[in-house]
Structure formats: C-alpha cells, structure tokens
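Shared between the two complexes below is chain A, which pairs with chain B and chain C, respectively.
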Partner chain A sequence: MADLTIALAGNPNVGKSTLFNALTGKHQHVGNWPGKTVAKQEGKLIIEGKHLTIIDLPGTYSLSAHSPEEEIARNFIVCGRPDAVVNVLDAANLERNLYLSAQILETGAPMILVLNMTDVATARGLQIHPEVLSTRLGIPVITMAASRGQGLSELKRLLATLARTPREAMVGSSVCA
Partner chain B sequence: MHIADETTLPLSLVEVGAYVRIVRFSGGMRSAHRLAELGLIPGTELTIITAHGGGMVIGIGDTRLALGRGLAHKVLVTFLERKQ
Partner chain C sequence: MTSIGLTPSLRMTYASPIEAELTRLSEDLGHCPDLVARYPMRWLAIQLLEGDALLQAEVERLGGSVASEALAASRMRLETHYGEDLDVAMVDQRYRFVHDLAAQALTRPKTPSLTMSDRVDRIVTNRWLGIPIFLGLMWVVFKLTTDVAAPFVDWIDAVLTGPVSHWIISLLSITGLSGGWLESLLIDGVIAGVGGVLVFIPVLFSLYFALAILEDSGYMARSAFVMDRLMHRLGLHGKSFLPMIVGFGCSVPAIYATRTLENERDRILTGLLVPFMSCSARLPVYVLVAAIFFPTMAGLVIFGLYLTGILVAIGLGILLKHTLFGNELPTPFVIELPPYRLPTLRNIWQQMWERTAAFLQHAWTIILGTSMLIWLLLALPVSGEGGFAETDVDQSAFAAVSGVVTPVFAPLGFGSWETSGALLTGFVAKEVVVSTMIQVYNVPGEEEEEAVATTFGEDLLAIGGSFVSATSDALKAIPSIIGINLAAEEDEQAPDGLTGAIRQGFDASSGGHGALAALAFLVFVLLYTPCMVAVAAARQEFGSRWMWVSIIGQFVIAWLAALIVFQGGRFFL
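For the complex of A and B:
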C-alpha cells in the first residue's frame, strides 16, 4: 500500500492551514495573522487507496533557518524527505512568494506549486498564467481559492498520481543528524 | 507618483504613516541577504504601520512585516508621494 508524506510549505499567511484543513478534514486553528503555525501539524488523507500524511509546516520566508519556525520547516524539507512539497503561494503577491519557491526547488525536493487566493488576485485585475510558471519551473502548478474549495479536487487528483521515489541526498542534508 | 525627495533616511527613523521606497542598504552582506529573503530589495515600496523604539511593522502589498531596530536601521529609504 502506498504511503506518502506530503509537506505544505510557504510564506506566512498564504493559506497553508486552510488548505491543510480542507485536505485532512481537521480543524486546526486558522487565523488571519502570520506566524500562527509554530510547530508542524500532521493529518491524514486517503485518496484512491493511497494513504497520505499531510504535514503543515510553519510559514517561512526562506530555508536559511534564522528563527525556530524556519528551522522546523527547513529540517523537515531537507531531512524529513517528504515525497512531495506542496508550496503554497499568495497569487496576489507572487513576486514576494517565489523566493522561497526557488530555495525549495534548489533542495531537489519534488514540488507542486499551489497559487492560492486566486480569487483575490483576479478581483484586483491580476492575470495569472499558471501554465507559463509550470513550463518555466518544470513543476506542476495549480490555481486555488482554498477558502472556497476551488482547486482542491485538482490538487487531490495530482497527489493521487504521486509515486514514492527513492531520492539522492538533498542539498543541505549535511545538517541532518 | 514621483519622488518627492531624493535624500535617503534610515527606515528606523521614518515616522508612522509614511510611504517610502527602499534605495539601498547600509551594513554587510548578511543583513542584506536577510532583508532580501523578507522580500525587501531596492525599489520595494512600503508604508510604516506602527513603530516603537526603532522596531516597526511595515506594510508591503498585503504583507505586514515586523522589523527589529537593527535591521530597520540598515534600510535606507526615500519618501514617496502617496498614490491618489
């Protein structure tokens, strides 16, 4: 039986916990202020017979581990070797969010980008081209409005296709005990 | 919007409510690197939301960031006129 670990990562206040709750059916506290998730949270999801463990990581701006929550996120991505990292981004503030995406890509972790809050971005007249991002970065990109449940089924479909792949040691894994 | 005043001032000294643009950083690579991680790079426009003794909360787009006095002092900004 497939048993995969999926990590949710992203800047503070982009909707990681909202997505986590939507995926796992948990009721982790969601607040509209940054830095709410200080420790990582864990939940389960079964899709098409696959057992997925979803880890909600604290919001971070980088993987450089300047603060305890950044260290938790960095250590999990690099040492915990999740089968995929779902990087949640605020579509209305993409430029600020992509710095962390670049760092996660550099670790070599398999990655899915979720452009969250696309409803807010669209309301502001922003045009998002997920297919361009996907081509440039070479990873799947999904648009979502997690608070309204939009894009959830697409993400679940994608997660269901994931296979467990043995991986080489990741960049920065020398910090792992 | 145009530049109202080209002279720069450390962000730590700017008063609440001001709308500024980052011009450059003083200090070393380490602090510049951290500021870049937070999305603060030359050209970034921001407002000062609250300030207490050099530490401050700033707003960039939808994001609010708390900056300590040390980092805020290394950010040199110029005043902008508010968008009407």
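For the complex of A and C:
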C-alpha cells in the first residue's frame, strides 16, 4: 500500500510541532512562541502496518499568500494533495482559529479537526462542544491536550482507518506553480 | 466511524451575487484543462474574486485571454453590489460564517475572567515598566552565561591542559614516542584546538538554558514586543534584539537565533550586525593587551570597546536600512502573545542538549583542522637550523606566511609578523589570538634544552593557568561592562618577558606609538570576523553570498576603524 500523506496545519503556536513530535517521535524544536516552524518538516509514522508521512506546515492565520509561511502552507494543502489535513486549533481561541479552518474547507481537502489545549480552554471556563462542529462540518473532530498526551491515541486510531482518498478534481502534476 | 468521510459536508456559502459568480467563473475556468489539473475550481474562483495576484497571473498564463476575460466580467458584475470592496466583503462573510460556527460550538462563561497571563502582561508589557523589566532579565541571562559558567569553563580548561595533557604525554612515553613531533601535534594542535571548543560548552549550556526558559515561559514573544519600537529606528525588527543580546555571549548561537525572525531581510540584516556585539571570546584579548598598555584604565578601555561595537552596529544598521535594504518594506510587527506556561524540565533539557550538540558538530571539525594547520606551520622551519617541530617560531613557516600579510596592517600601526599571525589565527577563533601571541612573543627559554617533555608540559600548564585566570577575571568583569560595577580589578599576570616583548613589538611596528597601535589592534579585533564557526553558521543560515558580504564587510570596517584610531591618534598626539 502506498504511503498516505498527512499535513498538520493551524495557527502559529497551537501545538502543531508538539503533536508532530508526539506522532513521529522526532525532536523538532518546540517553544512557546509563534513562528518556530519556518519551513515544512517531514516525519514518518507507522500505525497498524500503515505508513504515514506527516508534514508539519508552518503556522499561519490564513491561506492568502501574503508571507512565505502562508505560501508554503497553501501550496502544500492545494498542490501537495495530502490525504488528510489535520487542522490543529487552539481551543481557547476557537473563533480566531476557525478562520483558517474555513479557508482549508474551501480547498476541498479531506480534513480532521483537532481541538488542542482543551485544558487551557476549560481552565478559562470555556465549554466546547466538539460534536456540534463534527455534525455541522461533517468531519471528525478530536479534542486534545497534546502536552499531556490526551487525545493522541484517538487521533492515531483515526489515522489508522484512513484510506487513500481519490481527489478527481486534481490529477496530474502535484506542483501548481 | 467505519469508512470515515473526511470530505466536509458543509460548504461555506457566500451572499447570492457572489455565489452566482463563483459558479459561473468555475464553469468558465473549467474549460481550461491545465487549470483543472492543478486547482480545485471553486477554490480558485474564490481566490480570484478576492484578488489574489499570484493566482491571477497563473490563470492568465494557463487559461489565456478567455479565462482572464471571464474573471474581468465576473468582477465587473460584482462591482455594482460591492464597489471596490469585494475582497473585504468576502473576508467579512467568511468571518460571519466562522462566528456562527463558533457560537454554536462554544459556550463562553458569562463574565470572562482576566487570566493570569493577562494580569502578568499588564505589568510586563507596560509602556513604562516593559523596558526596565526586559533589561533586568537580560542582565540575569548575562550573569548566568558569564559568572555562573566561568568556573566550569576554568574547570574544563584546567582538566584539558593539566591531567589530559599529562596522560597523553605519559601514554606517548610508554610507547616510546614522547618528546617528538607527535606529542607536539597532540598537545599543541589537537588539545589546544579541540579544547578551545570544549571550553565553550558551559557558556553555551547556560545560554541555552536561559533561552529555553525565556521561550517556554512565553516571555520571549513579549521581549520582542517591548523592544520593537526601539529596534525599528535601527532598521531592525523587535525580534532582532534577542540575537543581539545573545551576541555578547557568542556570535554563533546569535546567528542561529536570527531564525526566530520571520522575514528574510530582517534575518540577514540582523545576522550582519550580530558579529559587532563583542563576543566573550574577544575578552581575553582585550584583557591581555589592555593590561600591558593601559594598566591604570584597562576597565575603561574594555568598556569603550564594547560600546564601540554597539555604536558600529547601530550606525551600520541605520546605513543599511537606507541603502542595501532600503527598497524592501519591513514586515509590520504582529506577534501573538502566547499564554505564560511553566517550562517543562524535559523540554528545557532537550533544547540545551540538542543545541549544544549541534554547535559542537559544526565547530569541532573546523577548529581541529585549523589548529593542526597552525601547528604544522609553526613546526615547519623555513630558515635557520631547527628541525621539524624544533624550529624557533620566527624561523617557522608561520612567520613566513604571516609576514606576507603584514603590509596590510602596517598603516594601522601593527604591521609585524607576530600580530599579523595572531590576527590570522584569530579568524579561526578569538581565543587563539591570545595563545598565538603568547607563543610567538615568548622568548625561547634557557631551560628548554633539558628535559623537553616535562618543561614543555610545565610551560603549557603555565600558559593554561594564566589563560584561566585571565578568562575568569575577564568574565567576572562583564557585569561592570554593562554598568553594574566599574571598579573591577584587572590583575592579569602575563608570563615573564611577555609584557616586555609585546610592548617592544608594538613600539617597533608603530614607530614609537605602541599604545596607540595596541588600541588600534584591539579595535580591529573587536570588529573583524569573530571566528570560523560564526562564518560557517552565517553560511548555513544566509548562504555563501551573504557569508562573503559579512566577512569582507567586517574586514573593511575593522581596517578603517583601526586606521582612524591609529592615524587619527598620531595626528593629535
């Protein structure tokens, strides 16, 4: 079976790199400040015999190609044709984070939402209803506290069931520009 | 979830006039197979209506006039509804969609509580308190990388020059190879060279420790925010400040720290200025030379050198902002302040370890190679009667090679082969300047004839010992440099005869203006290339072209500044 490609996308400093490290066992530098991941990083994950290539995209607030980071993220989501885009969101700043999600939705890419930092959100008295997001958008939504390892096995289980999704709209060259 | 559907079932719908045009446009563009092969049509149509210049050019290239006319027609029809603000309307509708979605998925507390982060930020990013708090923290980092690290630096140095060297000598004597060129190579070349790298470990370790805490806690983002306005005047970015501060410790991690800047222009500009921050390895040179020529005001001279470095960086920053980098728009400063978090020990340790290991990997090959080369040049006789590894330094290939570049330094007052040689080796690392000067100025001792192995070892120990005391003295004096206590004592104990030899050397090369030449020499040491490792780091981060710009630029600036000091001083005195 061919490799599946999974892209991690999200706003800066929402814990993409922490999740990337947890999934791939790599030690990419993780820090509490936005903009650490300047270029995209690649790692491997094997679950239940399935070979997954995990791509950590630079954090962006939108997909309009205004900065190199946005361009990298956009090109990969649109032209790299990942088999799934795992959109990591800071649950404590849900509304602002969802803007990027809306833009990823528009690309038509297969998508999984990960609501990260739910511990911080709960501490702030925010109540999140992931099932509402899941039913409305029609995609899986996972709650997570990646720094504590919560929600990780759930995501892995989900990735294990992943099948290669044919995207007929886009065949041919995988490079747009 | 059996066969999970990842394809979203909800489609974000725009207002009906826009939707109508989106449908129309994606149909029109759909006639172009080149575009269909590359992009999702609806997405492409959305980007085009929003006015994405990159994709518009792409559509014109691939879709030709038909596609661009379709786009122009769609835009024209929408202009009646939205005027010039179609993109704003679309972003607004997207925000509304997101707002509704969030409202359904989220229940907010009735009274949003002021978080701990907010409360801390009220003080830390305060208009008046922000900068003092920042400077205070930087001072702590400074102390940590100097005072705290110093004893460990001394310790590693002592271990390498003492026991380790002795062991190698004894090991060689067992195998019957002692006293020869191999011993000289190992002790003088390998140990001296690799040791020069190893002694940096404590400094880097404590620096990375401080940086890890600043980063993980969330303060780093605040420091950039606080310093942004000041840094903008220098044509820099708020985030440039941290690499500059790191540069006082060591240029190498400072150059790597420029990665935190998003924009390439800011990264390169900061990387060009960082080497002018006087790194800790230059300090032993200042201490040695200042103690010989300005014994009563060594502290002031050293302080002045640090200040000169900062002023040169400021001046150059302003100059480059208006010239080389002038036509590029600086990125606006937008940074999200992450919540304060308690740094985890694991994360801190991981950062300290990985960054130090990365430094060592890059550093050791260059240092080892160069120190062996210098050893070889010092060992090779080009004149006189000495054999290989037994020649006097002034008859060595090193003296010959150094002699070639002396004319370059003649107008600066220090055009002797000794100083030229020291500066040449200084390209490798600034600590080498001191050890080279000690080696080349050292009058051949009388006892050297007897038991070569032990005397040589003792010599080395003495050099090592004096270097250790110089380093520790120098490092202790750092707080005074940033204005804490200027009354630091300089009790540099130069080896016997060395003071006189260096003084005579500078007097001879400058036509009697030894002190002035020494000052020019120090200014040159301050401003030219910090070390090979920094050069390697610059190449890795900014590419070969900028590496050469950096090397040549620094050399020219150092040469001109030293010229001004020497010739200008001679004119007035």
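The criterion applied here is as follows: the second predicted complex is superposed on the first by the 169 of 177 C-alpha atoms of A that agree within 3 Å, B and C clash if a C-alpha of one lies under 4 Å from a C-alpha of the other, contacts with A are read in each partner's own complex, and residues count from 1 in each chain.
Definition applied: a residue touches a chain if its C-beta (ideal position, glycine included) is under 8 Å from a C-beta of that chain, and two chains touch if they have at least 3 such contacts.
Quantities reported herein were computed from a predicted structural model and do not represent experimental measurements.
**Q** When both complexes are superposed, which of chain B and chain C contacts more residues belonging to chain A?
**A** C
**Q** For A:S64, using the defined touch cut-off, is the partner it touches chain B, chain C, both, or neither? Pick first, second, both or neither.
**A** Touch partners of A:S64: chain B and chain C.
**Q** Given the touch rule stated above, what does A:L152 touch, chain B (first), chain C (second), both, or neither?
**A** After superposition on chain A, A:L152 lies in contact with neither partner.
**Q** Could you tell me if A:G125 is touching chain B, chain C, both of them or neither one (first, second, both, neither)?
**A** second
**Q** Given the touch rule stated above, what does A:A163 touch, chain B (first), chain C (second), both, or neither?
**A** Second partner only.
**Q** For A:N13, select first, second, both or neither according to whether it touches chain B, chain C, the two together, or no partner.
**A** Touch status of A:N13: both partners.
**Q** Examine A:Y99 and indicate which partner it touches, taking first as chain B and second as chain C; both and neither are also allowed.
**A** both
**Q** Quick check on the output: what are the common chain A residues between the chain B footprint and the chain C footprint?
**A** The overlap between the chain B and chain C interfaces on chain A comprises residues 11, 13, 34, 64, 92, 95, 99.
**Q** Could you pull out which chain C residues touch chain A in their complex?
**A** Interface residues on the chain C side: 1, 3-12, 36-43, 46-47, 50, 52, 54, 58, 94-95, 97-99, 101-102, 104-109, 112-113, 115, 212, 215-218, 220-221, 259-260, 262, 264, 331, 335-336, 338-339, 341, 343-344, 347, 350-351, 354.
**Q** Under the stated contact criterion, what part of chain B meets chain A in this complex?
**A** By the definition above, chain B touches chain A via 33-34, 36-39, 60-64.
**Q** Applying the document's contact rule, which stretches of chain A touch chain C when the two form their complex?
**A** Contacts found on chain A: 11-13, 27, 29-36, 38, 64-65, 67-69, 71, 78-79, 84, 92, 94-95, 98-99, 101-103, 105-108, 110-112, 120, 124-130, 132-133, 136-140, 147, 158, 161-163, 165, 169-173, 176-177.
**Q** Can you tell me which positions in chain A touch chain B when the two form their complex?
**A** Residues in contact with chain B: 11, 13, 34, 61-62, 64, 66, 90, 92-93, 95-96, 99.
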